[in-house]
Amino acid sequence: VSIRVGVNGAKGKMGRASVGAIKSSEDLQLVFAADVGDSLEKLIADEKADVVVDFTKASDGPENASLIIKAGARPVIGTSGFQKSAIPELDKLCREKKLGGLIVPNFSIGAIKMMQFSAEAAKYFDSAEVVEYHHDGKEESPSGTALRTAELISEAFASKTPKAKASERKEIEIIPGGRGAQLNGVRVHSVRLPGYLADQEVIFGGAGETLSISSRPRDRDCFMGGVCLACRRVTELEGMVYGLENLL
Amino acid sequence: VSIRVGVNGAKGKMGRASVGAIKSSEDLQLVFAADVGDSLEKLIADEKADVVVDFTKASDGPENASLIIKAGARPVIGTSGFQKSAIPELDKLCREKKLGGLIVPNFSIGAIKMMQFSAEAAKYFDSAEVVEYHHDGKEESPSGTALRTAELISEAFASKTPKAKASERKEIEIIPGGRGAQLNGVRVHSVRLPGYLADQEVIFGGAGETLSISSRPRDRDCFMGGVCLACRRVTELEGMVYGLENLL
Amino acid sequence: VSIRVGVNGAKGKMGRASVGAIKSSEDLQLVFAADVGDSLEKLIADEKADVVVDFTKASDGPENASLIIKAGARPVIGTSGFQKSAIPELDKLCREKKLGGLIVPNFSIGAIKMMQFSAEAAKYFDSAEVVEYHHDGKEESPSGTALRTAELISEAFASKTPKAKASERKEIEIIPGGRGAQLNGVRVHSVRLPGYLADQEVIFGGAGETLSISSRPRDRDCFMGGVCLACRRVTELEGMVYGLENLL
Amino acid sequence: VSIRVGVNGAKGKMGRASVGAIKSSEDLQLVFAADVGDSLEKLIADEKADVVVDFTKASDGPENASLIIKAGARPVIGTSGFQKSAIPELDKLCREKKLGGLIVPNFSIGAIKMMQFSAEAAKYFDSAEVVEYHHDGKEESPSGTALRTAELISEAFASKTPKAKASERKEIEIIPGGRGAQLNGVRVHSVRLPGYLADQEVIFGGAGETLSISSRPRDRDCFMGGVCLACRRVTELEGMVYGLENLL
């Protein structure tokens, strides 16, 4: 038996891609593709949706999640900028209904595994740097993924017993900035060039060797494996979970 | 209190490097550096060694392990080509003496984590290829590490539910060999060029993205982190363990 | 003064992209966008086209080139599968009219420079291997670009004085195919995984070092720099030239 | 007939390696290996040296070069920190004697070709960044090679007609330093991790594609190809040349 999935925000780029991915997945069945103006509540009831994928606008995330749960379906919220403060109440609602729910800031399985492997490798290496490569239209540096990766690494470094020896390298920057941005002792370098999308390499250095983990998305398709996986796993949950990494 | 470590085969390259690494490690204390002609038994007793690191010749591995255990120390056998058939008896001996023992084909932490991450990533991606880069003096291809990696990946592929769809790609090799060696469906490519030591990249491909894990040893030092780690962890074991990966 | 450019085959993918690229280029002016059914001759005359970019079907290439030259414009033929046998006559026609013409199998400047650098590096290194990475929908291996690169490298090897020592490595393929395809002594490895488009790395190995050159196209846009460059350079030529590499 | 080569400073690391490289080269003949205390003049005369390779201390470079030329041999000066101000006089001396001479700050052919290819690629791409990877014992950043590469690229950018559009990207550095050091508009990123020696990657970005050139030395051997090449080429020169790149 397949899982019955509805998509809300089906006219946006991510919504449209999700509709395609769900349709071509053997164990998932698309039961509706809704957008602004449609009654989500009615669609869930009429189509007996098990799961609803939501790609709408940030401010609607919590409300849509609440509405989906109350209608008896499991929300998979891909909408960016979800306010974390809304989670406890949604979690309570989920548990009352004995339903699972997922809020997913990043659906790329490659990016998630890169971050997990980095946190794990940090247990065995005492030095790491992150190099991320984005298109030249991206103004901010470092990227959110790079910052999150550096945070995970620095937490792993900090929790080691005995502590990793604080790197007491002497740094002489002939030109300032050469050694990158620093987050809790982890250096992050941001390359911005046309021709890139959103690559990242995390490099661990030890005596006489390096270990590196690289994620390279090519297009929006890279999120679709994560969308389908989220639809499957949310049916096995009870309560609201933030981040696909908790299920991988 | 530090762990008292003796080295057997201390005149060989790996033995000599181990002596240096143990000396410069704060929680390890070098209590002897033996080689052919020395009485290992007497040295262990006299110096109250907790652990003995053995880098001698393949045929001596099992006998040395046995001798070390009987003398009351924990063997860390780095000698290559250890016959696995000798393990059950050594394990029994260890348990009688309530001691741990380790046989370690590869001490590089980078290489071990690369293999572990590959086995893990294979749960989430349905396609993978291995590219390994060795110096032109290496005659065999693929390398042992590449074969072991491909084996781990194919096992992970095989144990998925539902099964990863068998890749039914049509292959047209205009020149034979282009698509590499195949081990249970995982392709392995072997580059042989001066200037390399023993690099390996494992690439996972999914819809719209790739995830890759690379290990690059630079010199013999890369094994020393593993040697020291083995000396520490073997004191917490009971029984004989094959492969450092089981402790990481 | 800008160069007046017409596009033939403007409804195809490459034609449409060319129209966009020419429009957004300051020194080029799009004067027509034609397709099947339009009179190319009349459009060239009416719009006083200096250059006509042609992306139609292979069999039409030579005829379109001839027609464009006779109408007094310079052809830039991007149509794939152009029969080289047609070139001498087109060249004669160009010279009579004192016009230039270009036939371009690959417009990617990155790919062309990668091939040129490879031919140049081969003068200084005696060993090279090619690793190419394509999407899993590509059936043939090695790719055309990889074969052409290997050919250029082997030609450079062959023309050295004194000859590069023939690599007399002993090869033991534990699993057949591991060492890749061989073209005149240059090994080529073909990776096929979802998530790639058409990457290629060319690696030169020497005593104690490697030098590598990598080309990574991301999308069709990578051809547009070459299309605009061809439009500019063809106006400075007299006679028919095959391959953009001759102008770079 | 082979070229008769003497080595001065033969007890240092580079001198010793050079002795080995010259001995194993078919067209070069080692005629002496001198060090402090030996009479270089007498050795050149007695052994009829055609070329003398000098790896001594910086302050001795110009004097040794002068002495070698006066004794009738061609100097190949590998001594680091050679004062450029001494070159004009040495050049004059060379021309009087109708001899060639070479001062070589970097003998790695891989590094030299990387810089040459970068200068060439900069003619066809409008954006480039340099990422260099050194061991954590290197205090300064960026490396000398990275600075020289960025200089060559910015010179190529500046000499284009029409000028490459000045990149007017808006930069928002959430953490300062993320975007690296800037040399005339070319960004340079310096990674410092144990496990690296002195790698460098130069990346060019264009519409929809990247082209990258990487140099990876593994050990001192990488300089020996350049030493032998310098010994050959210096015999064809007249006057003093600075930098092996002028002969490649």
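Note that the chains take the letters A, B, C and D in the order they are written out, and that residue 1 is the start of every chain.
Basically, a contact is a pair of C-beta atoms (placed from the backbone, for glycine too) under 8 Å apart; a residue touches a chain by one contact, two chains touch by 3 or more.
Because the structure is predicted, anything quoted here is derived from the model rather than measured.
Asks: With respect to inter-chain C-beta contacts, which pair, C-D or B-D, contains the greater number?
Replies: Greater number of contacting C-beta pairs: C-D.
Asks: If you average the CA coordinates per chain, which chain's centre is most distant from that of subunit B?
Replies: C
Asks: How far is the middle of subunit A from the middle of subunit D, if each middle is the mean of its Cα atoms, in Å?
Replies: Taking the mean C-alpha position of each chain, the two centres sit 46 Å apart.
Asks: Just how far, in Å, is the C-alpha centre of subunit D from the one of subunit B?
Replies: About 39 Å, centre to centre.
Asks: So what's the Cα centroid distance for subunit C and subunit D, whole Å?
Replies: Computed value for the inter-centroid distance: 33 Å.
Asks: Touching two or more other chains, which residues of subunit C qualify?
Replies: Expected reply: 195-196, 204, 206-210, 216, 218, 222.
Asks: In their shared complex, at which residues does subunit D touch subunit C?
Replies: Within the complex, subunit D touches subunit C at residues 27, 108-111, 113-114, 117, 120-121, 124-125, 162, 204, 206-225, 248.
Asks: List the residues on subunit C that touch subunit A in their complex, please.
Replies: Within the complex, subunit C touches subunit A at residues 195-197, 216, 218, 222.
Asks: In the complex, go through subunit D and note every residue touching subunit A.
Replies: 127-129, 131, 133, 136, 139-142, 147, 167, 169-183, 187-196, 203-210
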